[in-house]
Structures are given as C-alpha cells and as structure tokens.
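Handing you this structure, nothing more for now.
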Amino acid sequence: MKVYLSGEIHTDWRDEVEAAAQGLGVEFSGPVTDHATSDDAGVRILGAEDVKFWHDHKGAKLNAIRTRNAIEAADIVVVRFGDKYKQWNAAFDAGYAAAKGKALIVMHGADHQHALKEVDAAALAVVKTPQQVAKILHYVVSGEAE
Amino acid sequence: MKVYLSGEIHTDWRDEVEAAAQGLGVEFSGPVTDHATSDDAGVRILGAEDVKFWHDHKGAKLNAIRTRNAIEAADIVVVRFGDKYKQWNAAFDAGYAAAKGKALIVMHGADHQHALKEVDAAALAVVKTPQQVAKILHYVVSGEAE
Amino acid sequence: MKVYLSGEIHTDWRDEVEAAAQGLGVEFSGPVTDHATSDDAGVRILGAEDVKFWHDHKGAKLNAIRTRNAIEAADIVVVRFGDKYKQWNAAFDAGYAAAKGKALIVMHGADHQHALKEVDAAALAVVKTPQQVAKILHYVVSGEAE
Amino acid sequence: MKVYLSGEIHTDWRDEVEAAAQGLGVEFSGPVTDHATSDDAGVRILGAEDVKFWHDHKGAKLNAIRTRNAIEAADIVVVRFGDKYKQWNAAFDAGYAAAKGKALIVMHGADHQHALKEVDAAALAVVKTPQQVAKILHYVVSGEAE
Amino acid sequence: MKVYLSGEIHTDWRDEVEAAAQGLGVEFSGPVTDHATSDDAGVRILGAEDVKFWHDHKGAKLNAIRTRNAIEAADIVVVRFGDKYKQWNAAFDAGYAAAKGKALIVMHGADHQHALKEVDAAALAVVKTPQQVAKILHYVVSGEAE
Amino acid sequence: MKVYLSGEIHTDWRDEVEAAAQGLGVEFSGPVTDHATSDDAGVRILGAEDVKFWHDHKGAKLNAIRTRNAIEAADIVVVRFGDKYKQWNAAFDAGYAAAKGKALIVMHGADHQHALKEVDAAALAVVKTPQQVAKILHYVVSGEAE
Amino acid sequence: MKVYLSGEIHTDWRDEVEAAAQGLGVEFSGPVTDHATSDDAGVRILGAEDVKFWHDHKGAKLNAIRTRNAIEAADIVVVRFGDKYKQWNAAFDAGYAAAKGKALIVMHGADHQHALKEVDAAALAVVKTPQQVAKILHYVVSGEAE
Amino acid sequence: MKVYLSGEIHTDWRDEVEAAAQGLGVEFSGPVTDHATSDDAGVRILGAEDVKFWHDHKGAKLNAIRTRNAIEAADIVVVRFGDKYKQWNAAFDAGYAAAKGKALIVMHGADHQHALKEVDAAALAVVKTPQQVAKILHYVVSGEAE
C-alpha cells in the first residue's frame, strides 16, 4: 500500500505516522519538507530569476514533478492542515487527489472545521492526530481496530 | 464555450467578468454565492444536525453536486482568491480542475503570489482583474487581443 | 441537467419528483417501470427460453442497454429503496453510478438505514422523500433553498 | 492474479475458496469479516457519534478505503449473496466492479436467481459453490478444466 | 440515441432497421456500403499504389476515420454477420465496440452460432433479424415490448 | 514486457515465437489452446446446458475472464489468422486490443490480405511468420535488427 | 463533425479547405493565425516581461487554452507542415492528438517525407493538398469519393 | 522511477544523464539510437519496399511499438532538441507525453527558445544540459538540491 503525506511541513507529523505504522508494509511518500530547498530548488538547478513570480514558478513546477507522480501512485492521500499559513497547496493536493479518485484522509484541528468543510466532504476520513492516521492504515491493512 | 467561475464570493467579480464577456457566446456557471444559503442548504433540505461538523458536511456535499458537475462540464475554470478567509475550497477546486485536465486561470493580488505558487504553476494564465479574464475569453473565442 | 431515477418501481415517486421539479429544465430518465414488460421483454423480442435463468438473463441484458446508457448520460443518479423486495438491482445501479463518478442521491426510510450504510456513504445526499429530491434539484439549478 | 472476495461474511466460504485455490499463485483480498469491528471501526478510531446514521457513516467510509482500493487492484471480483440480510453492499460492490470493467463472478443459491438477474447479467460466471470459484480460478490460471 | 450499424453490406438490412425504427428519434450511422467506393476511396483521393497491400491500406485507414468516430459516438453498436465472406472487419468492430463499453447487439443466422460464441458473449442481445433490432430500439426508447 | 498471443490454435506457432524469443525477458500469455477444454470448460465447471447457444455462452464467458485480463495486461498483442475456420474471435481480440491502445501485430498469409485490410490498418506491424514476431520483440527489447 | 486545422499559418490553406468543404456541415477550428497577435497576446493581456522566455511562455500558454480545448473537441485533426520554420508546435499538436485518439490527417510536401515519417505513421491519411483534405471530409460525411 | 529520454540521437547526452544519475534507482529507456538500424528495421524484418514512403512507414511503426510503450510506462519524459535536423519526432513525443499527463522536461539551447515556446509551455522544466536533468532527477528522488 502506498500512502502520500501532503500538507503541513513544520512539525514532525510524518515521522509520527510512519513510526506508528511501522511493520504494516506501507510505503510512504511526501513533498520535500526542507522549506528553503523546496522554495529554491527551481532557481538552483535551472538558473536565477529576477522576478519573484518566475523564481517561485520554477520551483513550484519542479516540485510538481515529484508531487503529481507520487499522488498518482498512491492508494491513499493524507492531507494535513496546520495552524499557520494559507496552505493552499495542501488544499490543491486534496482537490487533485479527489479528482483522481484517491482515498482521501484529511487531518486538522477543530478550529479549521468550518473553513475545510468542502475538503472534508471529499474525504473518507477526517482526523485530528497522526496516531489516528496510523490506526486507519492499520485497519485497512489488517482489518483490526482496537 | 463553458467557463466555471470558482472562488471568492464576497465581491461582484463574476458580474464584471460576465458583463465584459457579453456577446462572446460564453456560458458561465459558478457556486452558490449567497453565503447563508450555501452554508445551510444541506440542513434546510435534508434536516437539522446538532453537531456542527455534520451540519457543514451536509451542505458541502449538496454544493459538491453542483460544483463537480459544473467543473466537469467546463472548458475553462477560473479560480479567484480574495483578500480574506482561508479559501481552501477555491484551492481545492483548482486542484480538482487541474487533475481533470481543465484549462485553469487563477486570479489574485500580488500579496498572495508566494502562497499560491503551486496553484499558479498549474494554471495557463495568472491574472489580477476580472477584465483580464474577459480579455482572455475574448482572445480564445475570437483570436483578437487588442 | 440529466437525472436518472433508479430503483423502486411500485409507487409513483418518479411522477412526484418530476412534478415537483417542473420548470427546472431537468431531463429525467429511468428504467422500464412496467414489471411484466421489464421481466419479459427479452423473451418477447428475442425468443422464448425453457430455463428460467436464461429467460431472465435475456431480459436483464435488454434492460442493461437502456440502463447503462442512461446512467452514463446522467449528471445525477437518484436511487430509491422501497419497503419490499431485495432490490439488488437498485444497489447495483448505485455502485455502478458511484464508480462512474456520478453525483449520487439515495432515498430510503429510516428502517433501512443500517443496511444501506455503504450505499449512503457513497452518496452526496441521503433523503427520505421525493420532495427532497426535487428541492435538491432546485438548489443545484437555481442556487435557492427555501 | 488478484481476486477480491466480496459479499456474505457469516460463513467461511472465503477460506474454502482460498484452500481450494492453493498453489495457483492467486492473491486474495476481501472486506473486514469481523462484523462488530467492521461496524464500529469508524467510531473507535475517529470518535463516537450520538446519531446512528453518522456512527455508521464513519464506519462505512473507513471500509470504503479498503474496499475500493482492493476492487481497483483486482483482476477478478467474486460477489457472494448468502441466505440472510439485505446485502446491499454486495450488490453495490458488483455494480462498482462492473463499471470498472472487472471480470465479475457472482455466487448465490437458486432461490435468489430472479432477484439477482441484473447482477448476474453483468457477470462472466454465475456459480453456486466456493469450489466452482476455485475451479474457475484454476482454469484461468492453468487452462485446465477437469 | 445514436446507433451504429456495422458489418454485412450486401443486403438492405440497414434500410429495414431504419424503416422499422422510424419515429423513434434514433440517429443511424454506418460504414460506406458501396463496395467499390469503400475499397478504392484511399487511392482515388490519396493517389495510386502498385502494391495491393498499400492500396488496401490507404482505403482501410480512410474508412477508419469514419468508422471509429461513429462507433465512439454511438450509444448502441449493431454488428451483422451475413452468409458470405470472412467479415473480419465486422468482428473487429465488435471487439472495438466492446472495449469501448458500447452496448453491443449481434445479428447472425443459426449456422454461425458456434463460430461467433465469443462475439455473442460480449453482446447484450443476439438477434436473427432486422425487425428484432428495431424492436429492441423501440423498447429502449419507449419501454414497450409488444 | 508482456505479450499476448491471440488467434489460431491448431499449429504450434506460439511455441515457435516463444522459443525464438528466449532470453529476452518477455512474459507470454495466450488463450486456452486445447480446443475441447476451451469449448467445454463452461459446462464442466458451471453445469450442463440443453441448448447449444447457452453451452457455448458459458464457455465463451469463462474464456473472456482469461482473455480480457491478459489483453489488458499486455504491452503487445499478436493476432494470428490461420488457413481455416472463421476465426472471428481472433478479429474480435484485434479490435478489442486496438480500442485499448495496445501495440498490435497481425500475422497471416498473403491469401487473407484483402479480407484483413481493416485489421492490418490498425496494426503496427503485419507479418507472415512466427520468426518475424520474434525479431520484432528482439528489436523492441534490444534495439537490434540484424 | 468537428475538424481542427493545425500547423502552418503563412498560407491560406485553411480557407481552401473550408471553401472546398462547404455544405458538408463540418465545424472548423484552428489556432490564431495572426502571427504578431499570437506571439504577443500573453504580454498584451497579462503584462510585459523583460525576459524573452517568459514573454513567449505567457503567449504560448494562452494559446494552449484555445488549442487544447479545440483538439479535445475535434473528431479529426489535420496538421499541415509548410516549407519554412521548425514548426515544432505542429508536430507537438500531432503527438497530442494521436495520444488523445483523434483521427489524424497530415499534410506536407514530398521533401519532408523522411523527416515526418514518425508523424505520418500515426496518421490515418497523409496528403499533399487542401483539396485532398476536403475530399476526405466529403468521403467521411457522405460516403462518396469521385 | 522510470524516465524516457526522447529526441536527439547524435550526441551521447543519454549516457551523460545516466552517468550523472547513477545510484538514484532510476530506470531509463529511450528510442533506438543507431540511425541506420532505426531507419531500416522495418524493411529488414518485414520485407523490402520499392516506395520510400512505405519503407519509412514500416520502420516508423516498428519504432512506435517501442516508443509508445516506453512513454506510457514512464513517470518523466525528457525531450532533447539538438542543433540539427527537423526533429519533428521529438516534438511529436513531447505532445504525446503531454497529452498522457506525463511530467515533461525539455532540453534545448537558447537559439531554439522561440521556436519551442509551445513545447516549453507544456513542460515542468526547461533545461540546457544533461547535468541539469540529472540534478532534477536527484531532487525528485532525494529532495536535495545542492
């Protein structure tokens, strides 16, 4: 089973999910989580740009190579919305995954519930913690839900 | 040509686009823009819910009937990000449209440029104003760009 | 907008939906609702069969010509489960529509709630009455939910 | 070859098929067959619900993560209808598999023949026993039918 | 409803179907039925060929422009096998239509039953006469089977 | 690379192709080539039929489980037309493979050239011998054509 | 029938095709043929760019809105290669159309035959003149080839 | 990860990419790069042709077996345009890959920038050197961009 972990990159929630899901035979993928590298990979590899829009454009497209292939390959896409930032790329990934028919799991706190209602409506599960994601994966793989 | 106008619902930008595109033979569609109706349609039609999550869930799913059919039918999807709110549904629509291979036009101000770089990277045009959208539609239909 | 009305054929719920949705410009379709004709069309047109299985097989396949084309063409598929019979063809249609990405509305009474939980989980709305279906169609077309 | 065994969960027919198909190199999957776990996994992992509909909804959606991925991955989908219950999820799975172009095998007793005619009409084989399923798998893999 | 009439071109069965289906609002299409024109259109339009294979190749490809577009557009594909010739193009069309998920009706006499068993197995109806095709179309459109 | 060898089952051409392609790492599949088993597998496993049509129908559908899965999985589909019989299933497979976008290789003698022109027109190669098929596979895998 | 006329924009071949195809009920579309407008539409509507690459990028993406929608909608795509320029966009359109399963007609002079062999190999017809295109359209619509 | 290296075959750029990407676990594929073999494989295997068009046609179709399967299987398609020749097959591959939703990387010198603007507009990265391709692959696999 392949699982893509999209969204928030400022906490170690991916590590928590992966640790709690150890032994299940799940193959995880995700975006580049080093913020500076992710932002600047485009210009580092493809050459500098004077205009910020194109600087960002190059980086975002490089990241799309990684992201879209990984979402296409995934059986399950988990999207986490954190406390800060606009996180439009997370919502974009959720829409992309939904349109591709992927099983979608959305993770967020109670304060974002109303704002995320359309995203949640496309999900097969809405969770609050990495541990819940791991329990779902455990259930999907083994059929057990303690 | 069918164009879906997604995103921000607190200004009259849809009217501006439609007025400026008059005579082009474009058929426009969009989400329900009356905020209260959009939020409460679910419980009004399907029955009240005590828990806010399910209240919103019913509404978001009813809206999805309208939204997904309209995006599927569209040749072009325009997504506008305004100044306020999280607007995750707008980004979700953009991801959905991108995955369906729709021609995507994104509209936003300069202050959101960095936060929207992944969404912009999936677009065939990034604009600032409704007039630019109308000019693009005019160009696509008539081949003229004054 | 095209709407396919699947399922129970022993009450006049289709007439109720269509009457309540008049003026919306919705094009309705549905299965053959004359029970004897539906059961026997196969052998009437294609020749009699001694074995009941093949008698039914011929009829079911003729009906599939009508049903699958209509579901494919539909924007919305409504499936009603009545009080009697197994109604496996209704649940089959729901699964077929879900796999084709159609917007699914399921109608049934409270007594069938638990048995239909998997079908309901694939729906964008679960209703009890034909009037609710008409209200949803009205909302999807006009954006109004009184 | 991957085979998904859908439907009735109250007898050990899956074990019979798998035992009789041993050595063929077939990889089997199926739904969670522990009734209580399947019903309650949603609330156990995602939190309790006061309303039965949402209790069931959460569970059905968790199960859909497992079910839809497994049907998508399958080359052959076998759906068994037992003597009891409505089994609408079995018919839903059959419709889903048919729409996805999967090779469908339906298993049921003679008493359900008429009620299942539409489901049977979509199948490439209609059988009565687990042994017949195993013989079909044996034939498909080895080309032998003793 | 669009119906493509494939196969045998030496009798007037298409006229019979169309006459018997008059008033149903069915739009019929079919291959070019003038044998010489069909065989030679390629070289007439695109230039002569010394080698018979390429002479035929040019013609067959021109015909494919017409045929494949018409099959793609059709809701129902009818394929008639006559008494003479190999008619491999008819069987090819049947396979093509089946793979595209079209509702397939096959027409042939009893003498070809065994040889056509694989084609018949992919059909939703197997008939002997043009009148039966018209009755099916009548049933699919109106729900009546006298 | 996966190659499906469809069509004529009365000579050992499959063995010739496989022998000549040894060492290329190609995985071959094909229909059941024991004529009696192929014809009777349906009734042997699923129960006898009095009517020949249904006897054949059961067999043809069982074979379709094997055939369609193998064609779907194949990168290349080779279809051989022999000297005898109608071989409509071979032409059906060719049409099915073409519609699924498979690379199609057709094998036949010069005497069938005109009758197979539509099938040949859908092929990427038309050959006369098993050795030519093996040479093509060798070329596709290694890039060498001696 | 919808026909997209791609490629060379420096002669009036589109007018010739359309004039010769008058009365056939064919709906033609094509790229913007005013060279300066096509090149500069991006910056005119979306704002100037200092770097030539991004100047061109904006224009090419605006044109893609028009081009891809028109190719998607077309039944037949005609691609003409003229005497001058690299015309990589013409070849790109041919590849795009081929991958979308469109009926492809390629037009070019004898001198480009070898260089276009891969493009020609994907076509259902290779022609030299606009009159030949019109004759093909006439044949596809009417079945006549004088 | 699978990467198809399309386009120019007269320099050793494929070796450079593969050498620089060693250890990343990337599986590379590409066209036959021996010019004479690629041109003549068709007639060598399938028999000589007097007319140059058909000589080339046979070869181009054999190559299409290899090319299309490899592009379909690829996660990333790199297309390099060199200094010489028309290279329409490279642009055709780029269009084909774009229509199939593959991540596209285009490589060319500054002199071809304007002529390739439509191809570049479909790419997720535009590079000048094989080393840049390897850096992108390294970034996509490891998330590091030094």
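Read from first to last, the chains carry the letters A, B, C, D, E, F, G and H; within each, the first residue is number 1.
Here, a residue touches a chain if its C-beta (ideal position, glycine included) is under 8 Å from a C-beta of that chain, and two chains touch if they have at least 3 such contacts.
Because the structure is predicted, anything quoted here is derived from the model rather than measured.
Shared contact partners of chain C and chain F comprise D, E. Averaging C-alpha coordinates per chain and comparing to chain G, the farthest chain turns out to be D.
Among the other chains, the CA centroid farthest from that of chain A is the one of E.
Chain centres here are Cα means. That of chain A falls 49 Å from that of chain E.
The distance from the centre of chain C to the centre of chain D, each centre being the mean of the chain's C-alpha atoms, comes to 23 Å. Separating the CA-averaged centres of chain C and chain G is a span of 44 Å.
Contact of a single residue of chain C with at least two other chains is seen at positions 61, 64, 126. Chain H contributes residues 1, 75-76, 103, 105, 124-127, 132, 135-136, 139-140, 143-146 to its touches with chain A in the complex. If you check the complex, the residues on chain C that touch chain E are 32-34, 37, 40-41, 44-46, 58, 61-62, 64-66, 68-69. By the touch criterion given at the top, residues 52-53, 56-57, 59-61, 63-64, 81, 85-100, 112-122, 126 of chain G touch chain H in their complex.
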